[in-house]
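Both of the next two complexes hold chain A, though its partner changes from chain B to chain C.
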Partner chain A sequence: MKMRKISICALLSGLMLFTSCTKKVDTSEKVLNLAVTAEVKGMDPIYANDKYSSNEIARIYEGLLEYHYLKRPYTLVPNLAESLPVVSADGLTYTFKIRKGVKFQDDAAFDGGKGRELVAEDFVYSIKRLADPKLQGLGWWLLEGKIKGLNEWREKNSEKDVVDYSEVIEGLKATDSHTLVFKLNKPFPQFLYSLAMPFTFVVSKEVVTKYGDNFLNHPVGTGPFMLKGGEFKQTSKRLTYVKNPTFRKKAFPVEASEEFKPMLSDAGKDLPLLDKVVVNIIRESQPRMLQFKKGKVDYNSVDKDNFDSMIVAGKSLSKELLDKGINLEVSPSLDVTYTAYNHDMKLFQNTNLRRALALAYDVEEMNKLFNNGTALPAQSVIPPGIAGYMKNYKSPYRSKNLRLAKELLAKAGYKDGKGLPEITYDCPSASTSRQIGELIKKQLAEIGVNIKVQQNTWPELQKKITKRQVMLYGIAWGADYPDAENFLQLLYGPNKAPGANGSGYDNPEFNTLFKKAAVMQDSPERTALYEKLNRIAAEEVPWIYGVHRQGYTLKHSWLKNYMSTDFEAGQAQYINIDLNKKKEMLNKL
Partner chain B sequence: MNLWSYVIRRLLYTIPIILGVCLIIFAIFNLSGYDPAQTLLGKHATAKQIMEVRKELGLEKPLVQQYFDIVKSAFTLDFGRSWATKQNILDMIKEGAVPSLTVTIPAFLISTITAILISILVAFNRGKFIDKYLVVKFVGMMSIPSLAYILFFQWFFAYKLGWFEISGYEHGFPDFIPYTILPVIIMVVLSIGPDVRYFRTVILDDIYQDYVRTARAKGLSETVVLLKHVLKNSLIPIITYVVIQIPFLILGALLIESFFSIPGLGGITVKAVFDNDFPVIKAMTVLFAISYIVFTLITDILYTVVDPRVRLK
Partner chain C sequence: MENESKSLWAHAWDSLKKDKTAVFSMTIIGIYVLLAILTVTGVIASDWSKEVGASYLPPSLENPFGTDIFGRSVLLKTLKGVEMAIAIGCVTAIISTVIGVLFGLTAGYFGGKVDEVIVWFYTSQASIPGIMLLFAIMFVLGKGTSTLFIALGITSWIPLCRLVRGEVMRHKEREYVQAAAALGAGNRRRMLKHILPNIFHIVIIQFSLRFQMAIKSEVILSYLGLGVQGAPSWGTMIDDSKLELSRGVWWQLGAATFAMFFLVLALNLLGDALRDALDPKLKGKA
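Let's turn to the complex of A and B:
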């Protein structure tokens, strides 16, 4: 009996020891704790083609422009540029003045270890790196064919052993230490968006040269934060950033759109507002949500599995969460999900067939089952929030209508599905994708159409799309920049796979209008053209449209100035933490 | 035969095995028909850039040359850089191996030693209550999926009771310990059932042998019979079972690593498979093959130590 008591005491003491091992939440300084779901590849801006890597890069590096943090629709404002560029009357020349006194972060690559001043030539070098044929930067598509002489420079150097960075390119010049001039081959109004994307963020030649192949693990930029310890480890599950002590004077915005006016309490304050940013890479949803509930992560998105237990009536939080001071943020995403037809197949060149299938598809049921009814059924290709979206427009081929679907199917020559071959629906291997496929199969069976669901790994699906080995396939597109052109190009004939137009839709009328709109500056005329294109895309049914998704994010009461955005790059500098509130609320968690 | 000449001969066998492994992974990679350049370039891939990237990756070289490059990297252990992340693969493996081992080694040692002790206990009490109770208990534990353990233990012990970290990892001793305790406990719970079942059977095979009866007839105590006679004779199958698990320790524990955010090799391998990152898949396969061969060899050598009747040929 005595032995047993001793054992129990020993066990309890052991457990007490474990308890003391768990770390307490730090409330001594302003730390933003984030949880992201995927690993960061590296810290080289030219390879930042996934949002996880580009968000990390944008804590350290900066570009000429950025999106105004508190304005919607998204508006470009100068960042490392002193002001927006002077654009020539023909829309071909963009002249930027670079902000003076901006310093690179201190690093051993610079003389005396002190970061030097940023000059226009750094941008010339950084853009050339993106075009470097040996480096194969993943953002090259942004600039391909756009800047005068850049494609020729890339072509010429692809045959050489060493790329010649000293050659002057006509369309990319630093005319003095703080003036940068771009000359374009043809008008391309979306060019400015490129300069707010991490692909074009500025790096220093000294740092690239010093670290060589390992440059991607030694980020040194001009941005508000620096990586603690200076070295990035790709396998690391936690990245810690500290305030850059040499960051220039940059203030929190003093203007805001109506919905963000409450955030103006920090207006005019020096950025960044935080001391540290800690990024935790947590792939699974359970530990992410548990860390959030413990207050060790400041905000977290609500996934499908947790939705019903946390969100009441689709839009408000459960009492348990409200009592803990947790807030809910619902925000539409600039994206569209869709099921594409392969237009190379004669079968799908039949408009009536495409319309019939779209009318048999019940997007509401899909939305209810897979998005908890939170997404917005897409009427066409352009999502809400950007010019070209038509708020009150309803596509005649969107809502489920089995009677009309059967009529159109008969008109297409396949009455009750007779004579129609089995149609394969290819989807990625995630279980939700397969379940959506099964739902489509069930719904289309109601008009006599047989669907076979085929799961693929992502590379396999990509290959099938490129090689035109698909019939129907489910996929989604998220905006690269907030312009309808980025969505409409998915249906532009010359962009056929392996380009972005995976379905191979090729409509001469659509192509002509798109070509015209793509070179126009933002104007009511361009918006009218975008709307016309959007209407064609709805009525011709090149795809079966899915939804525009909405993000549901939970945030703690101490988190200030956070909003869910499609363009998160650089966001952390504007975020603030109310330490008193944090100390108070942690006790309630 | 001299031990060293046996070791050298066995090590030489690794050459054709590595050549074969290289051939198999090269064949699978080529037969799968995926285009890594397309995967890499993502949604903005153009035909021209796909071609350029293929050239940069060496995919436009003749097949024989590509195979030779794989063989060369396997023998020099210079696997180059990952296609997906551009990181040096050997550095990735070095960085990932330590966190994996900080979880798998303690779990392996604890579960093996505990399982052997429990097996001896139940084998010597065969048919009695404790034997029946523990066997039923372990079979019950084995029938619960591993994911259920992970989800429950993480929610209950780490979140509800707050005894352990929910997830995360810190490099360096002893900083990693708070993050590895719960994963280790789960791994022990997961492996102890199958281990006990196997060890118990092995020990039971020996308990009814004539030599045990003889030892008892000579008047030896149960402890001596058990530890000096039975356990020693049972060691050969136990060693085979235990040592052959070691290469798997290096590979890490995929689910555990994923749920507890442990930056180990399991995650690296799975990510490489999803990204179609052939150089990383190749490196992991070759290293696994080599370690498998080495540990099989160690098993053979250990046989001669525990049983002098075994001769290496």
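Let's turn to the complex of A and C:
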């Protein structure tokens, strides 16, 4: 008897193995299959400080504003707001009308399990939550010092045992059920961008109260999708979302920039266009690409080591892929990679030394080795695509020039590197980061500068930067919103670590100009100031600039309306799947 | 019994010499050690960081193992890696052996409270997952090659300590130890002069096994980004190649694995051969 049981078990498990290998891709409904590269931390908007978590949160939650899906340069349009706000003449008061008839997703937290209507008070609550000193929301920096009375409220409540949400804050009021008024401390034109970021997305008090600490894993928003089963598990490698049946009427945009005109075939259709979104968390790049090739993932970015086998001459796809109907998308991303000096150290306050190292660094070689030559060498801090970027500007300290580098090194007082200590270069622990470090070590050795590469886990590196225990470190910055201010602030003195200015660069001239530009509304004068700042940032070499990267994404023929964007939050609702095409093309894969 | 009687060590050496595998593995280890010495002194592979060609050149006559991402010769990197492997194996094995023998000897010999404390200590340490402990030590001591030695050393002494403790317990009641005691030998003399030589075969066998384990651990740690920094090691080479494989660059992985395979295999074989030669229980059975 016993033997037989065992053999049946073995047979069964064998069968299961077999079925899982030959599982067909489902074509009965419109499912978007995604692959993401990192774990999702949780589903609470106030903690959404990384791309992966905030993208997931934006499937379920929504904010007042969003970026127009089909317009470039990036343009803000109302989402939960009825229209763009009325801004007072002094630039301090923003009045929003909230869209009527928006419902929260059904959940046991509401009366009778039916989601109630969204009101202005929900935004007041959600933004107070972001400022709540006990919750330590990770997006607080976004609003810190901006909204009248909010900082005072936060301070006052940090000593209390229970945070008092009932107190009315002057700068954050719901004047009636559907009117929301913000009052700012000083003009801050970038304020509107923060309302399109997942940090400020709206949550409901009932749900937060009911689930308490577990709210992180129990998302209930107003958005187009809801988590299947309603519960988020930190350990799960796959997240499944289904269409929210009570989602309001929201239509696919009818206008588009030239490059996105073909996507208008879905114009006016009710969103979301998909039935389901399945997010697979696959950390390693090889399995991700294999899943894509099998049609189990609808789009996937091309990483450096797959690049040569897939992309011919740096721009077009190999024939094998073209025959399978796979398309390539190349899009510049709003980011900059850089190697920062620690300006707290006397050593790096020496401008000549900074310039010398920058001149010894060969960005072309690094671009060739790590970005397949596709990235744009950065001349300064602002990436192309936003005002302040200077298309034809070439920094004098950008391209490799060993002769000048040696000259400047001598001028800095370290002829041929004599007298210089060993400089530590800190980087994250990924293999590529280490290789970049090794390249820098190799290049700087050419002028006699001695580098030691040190790998760190991500939190460890962050801690070291905040505690100023670094000398040189390699890192990148991606835009939070499409405004040069977001990049220039990385060099603004008062933003020193623990602020975003990890290098601790502090230049009075730069600070004054920045302070002035940061509060100006978008105008040619502001652009001129941005350009001036960008020029200072290039010539003073507070960092060794790297590149502005370009994203290479492969997508299957059945995927419609997809483009790679820097602001992916909320994108899934606009995407469509051509099921007939999918059935046809799957056979060819 | 022809002429004078031989010591245990002489016996062991004789049987080792007759064992072909043992000779073979000792030769291989000898070659590796020689290579390590040559790279340390800079006779060979001192210019491993020099570019010899374009990046990712496949193996050719000029570069037998091809080149890596920066156009450095993989062969030279592999040779330079020998130095690190031998250093890691040697130092780690010494650290763990010293700790293991010291604790095992003390616990087994004195018994009672001392034994309890030591057993408690190593069982608690053994209950922490090894890799977590490694991480913790690396974080506390900071990164670097010396930290790696220490971390690997102090996470791998427990099995040896257990073995030594058990063996010492058996030996301490034996007649020869009692005789030594009767002749007035103190604790230290009894432990080091009498018992230790009699259990030393365990230490030697374990040493060769620790040696190869440390080499393998280094690979895993480098793969996790915690390994050797700034010098080529087989671990970092394998870590590099996980990304390169998709573009068909197999030579770096090949070279590092190849080099490691022979050294680890040789050490394993030697460990077995040593056991055969040294373990009194197996004597005469082969």
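As a convention for this text, the second predicted complex is superposed on the first by the 568 of 589 C-alpha atoms of A that agree within 3 Å, B and C clash if a C-alpha of one lies under 4 Å from a C-alpha of the other, contacts with A are read in each partner's own complex, and residues count from 1 in each chain.
FYI, contacts are C-beta pairs under 8 Å (C-beta built on N, C-alpha and C of every residue); 3 or more make two chains touch, one makes a residue touch a chain.
The shown structure was predicted, so the numbers you read here are calculated from the model rather than taken from an experiment.
Trainee: In the superposed arrangement, which partner chain does A:442 touch: chain B (first), chain C (second), both, or neither?
Mentor: So A:442 only meets chain C here.
Trainee: Which partner chains sit in contact with A:285 here, chain B, chain C, both or neither? Use first/second/both/neither.
Mentor: A:285 sits against chain C, while chain B stays out of touch.
Trainee: In the overlaid three-chain picture, which partner chain does A:416 touch, first (chain B) or second (chain C), both, or neither?
Mentor: Neither partner.
Trainee: A:170 contacts which: chain B (first), chain C (second), both, neither?
Mentor: The answer is neither, since A:170 touches no partner chain.
Trainee: Check whether chain B or chain C contacts more residues of chain A in the superposed model.
Mentor: Of chain B and chain C, more residues of chain A lie in contact with B.
Trainee: For A:431, select first, second, both or neither according to whether it touches chain B, chain C, the two together, or no partner.
Mentor: In the superposed model, A:431 contacts chain C only, not chain B.
Trainee: Applying the touch criterion given at the start, work out whether A:453 contacts chain B, chain C, both or neither, answering first, second, both or neither.
Mentor: second
Trainee: Quick one: is A:306 in contact with chain B, with chain C, with both, or with neither? Answer first, second, both or neither.
Mentor: A:306: touches chain C, not chain B.
Trainee: Do any residues of chain A touch both chain B and chain C, and if so, which are they?
Mentor: 286, 457, 460
Trainee: Using the touch definition from the top, list the residues of chain A that touch chain B in their complex.
Mentor: 15, 18-19, 21-23, 39, 41-42, 44, 47, 49-50, 133-134, 136, 138, 140-141, 144, 158, 213-214, 216-217, 233-238, 280-284, 286-287, 290-291, 293-294, 296, 457-460, 462-463, 466, 477, 498-500
Trainee: Mind listing the chain B positions that touch chain A in their complex?
Mentor: 32-36, 38-47, 49-50, 52-53, 56, 81, 84-88, 92, 95-96, 99, 151, 154-155, 158-159, 162-170, 177-178, 181, 258-264, 267-268, 271, 274-276
Trainee: Taking the complex as given, what residues does chain A use to touch chain C?
Mentor: Per the touch definition, chain A meets chain C at residues 285-286, 289, 303-309, 369, 428-432, 434-435, 438-439, 441-442, 452-457, 460.
Trainee: For chain C, which residues are in contact with chain A within the complex?
Mentor: Residues 49, 55, 69-70, 139, 143, 224-226, 229-230, 236, 239-240, 242-248.
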